[in-house]
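What follows is a pair of complexes built around subunit A, which joins subunit B in one and subunit C in the other.
Entry: the complex of A and B
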């Protein structure tokens, strides 16, 4: 499941990797004061991806705005993991990392969690800062700089999420024995 | 996309006088239709323009949910090869929710009506559609 604030690139990321044209629920964005873009997702994005090893992955994207947080909880149920996308060029990327990470950890603390940050200004230490900020809150999550228009970058996030899922499985097996 | 919509935030596009005129139409609908307890006009992206009664604490969440459900309905209609999603009707043990697109306006708007009890669906739909027509007539010169 892809989440993150308005304009972070959730719809773009799913379009970049979905095998078939995704289901989209974009409508005209009337809140230009918050984010100046023509459309916004109000329910979900849905796409599908078949990996080389035959694994079929369903891709869901959430609306970004807090007023749609009821959709976050609905989509989170049953998701194998969460990919949080952020726009690194915005002044409040650090606060958004904190608020979205905490919101989704509250919904399901055990879900594999991966962060992708786009448009990071050159020389900015945002990725390191975000990893440290998450660590200080006890949240273990890989953090990547990504361009969500690039299929390879989005696939990296998906593959990392699957690796985290596998590691969780191994830990559970180890604990059981 | 209408450039006016991009340049102006919603608070400027829907002036208080427009919202009040809309609210009066919603009040008429609620008062004249047995069972209807709440009516609200929203933008397609989930913002309340006007509601009656106005004190319902859940209005903002209902506005967002109405937007999501309408968009999902439209996606399903397209997926099924149909065209032009118009109405969404949810019937429950306690009553009925109707979400109607208010046509001919840009941006797209929706009228959400909540009815308790056993009023017939046909009567609710008729009253809601009549209210939609009145809203189109009132809003078209202002925002259409």
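Entry: the complex of A and C
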């Protein structure tokens, strides 16, 4: 599952790897004050990886607006893992990280998650600060600087999630349907 | 050597901290250390500003010293400097370094940050990495160090080691391990003026630690268990799949080197180098045997199912092909 605030790149990330054209519930963005972009997701994005053995791995993207946060829990339960995307150029990236991390820890404390932060200015200490902030809450989660417009960056997040899943030895039957 | 008169309260605290750490590490270091009178001492511990003439006498005899300061310093003539507030792990490394010194193995002695490879005849493969770690603990973001190779500046390092700047060709050489950072002469200098963007000090730490040696860093041991306190920024580092597996394993549960090799399915050299890189980044934490082990599931049927699914996902996306 891909989650994060509006404009972080969830739809872009799913498009980068989905085999089938992703289903998207994009509508005109009426909240230009929060993030200036033409459209935004209001229900969910949906993509798929169609594996060789017939397994379909579903890729979900949550809506970014706080008022749709009830969707997070619906989508999060049963997800094999969560990739949290944040926009490092916004002033409230740190608060958003804290808010999302706490929300997902509350929904499923054992669920692995990986954090990708985009648009981090060169030399900025945001990533270190975020990793430390999580560590102080006892959360040792990967925090990487990424550009989800680049497919290899999305793949890095997924590969990391897979490695964390392996390390945690989580149940396979959550993963596919 | 405790202060005899009125001194800065932090000096008193610093000396108390040193004493507490020595006491806490009793039995865990290579040698058995205890605080005692000067007459029977192997190492003299004193605070900056102490003008006792016995210090100069001790130094002139070439005997080991530890100087405790309460302000950041980047001078080059203090081999074993602890800046208060210092971490217990720094004292542990220092004690083992002193042990090496006292037993005559000067060649293996890792100089402190203030003495990063000032003399090419005393290069040590860990001196640069240890220097970065010390700089991070000193946290002097106002200062800049300039690394010179054959008198030409090639690297600018901020005093807290949080960022550095270099030409792209130098950055690539550091990442490939083609540049020996211990061959650089680091000295205090001015901030970089070129157009190169600052880069994360974590990148410098990771690659210099990774390429430093195929043997464990002196501060690490085969039998100890480790975990990570936070992940390095792999968006910048671009890890090999084997490195990713090692780090993911250590984020899940503490392990010693043998367990890491087994869990991650990597070679001893890859596991060792990755541990060294994590150590260089300052994110590796030693844990007691009681804390080691952990959360790995023992449900083999489900683990097998998970492994198959993940293998299929990897194959589908073309992941994990670099080793």
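Methods note: the second predicted complex is superposed on the first by the 162 of 177 C-alpha atoms of A that agree within 3 Å, B and C clash if a C-alpha of one lies under 4 Å from a C-alpha of the other, contacts with A are read in each partner's own complex, and residues count from 1 in each chain.
Definition applied: a residue touches a chain if its C-beta (ideal position, glycine included) is under 8 Å from a C-beta of that chain, and two chains touch if they have at least 3 such contacts.
In this text, all values refer to a predicted model and were calculated from it rather than measured experimentally.
Residue contacts after overlaying the shared chain place A:144 against subunit C, while subunit B stays out of touching range.
Of the two partner chains, subunit C is the only one touched by A:163; subunit B is not.
Looking at the shared chain after the overlay, A:24 reaches subunit B, while subunit C stays out of its contact range.
Counted by residues of subunit A touched, the larger count belongs to C, out of subunit B and subunit C. Looking at the shared chain after the overlay, A:70 reaches subunit B, while subunit C stays out of its contact range. Once chain A of one complex is fitted onto chain A of the other, the partner contacts of A:102 are absent, as it touches neither subunit B nor subunit C. Of the two partner chains placed by the overlay, only subunit C lies in contact with A:57; subunit B stays clear of it. Shared interface residues of subunit A (contacting subunit B in one complex, subunit C in the other): none. Residues 23-33, 36, 38, 40, 42-44, 63, 65, 67-68, 70-71 of subunit A are the ones that touch subunit B when the two sit in their complex. On subunit A, the positions that touch subunit C within their shared complex are 17, 49-53, 55, 57, 116-117, 122-123, 125, 127-128, 131-132, 134-135, 140-146, 153, 155-156, 158-160, 162-173, 175-176.
By the touch criterion stated above, subunit C contacts subunit A in their complex at residues 162-163, 197-200, 202, 227-231, 233-236, 238, 241, 244-245, 247-249, 251-253, 263, 295-297, 299, 302-310, 312-320. Note for the complex: subunit B touches subunit A at residues 1, 5-10, 13, 43-47, 60-61, 63-65, 67-69, 71-72, 74-75, 79, 106-108.
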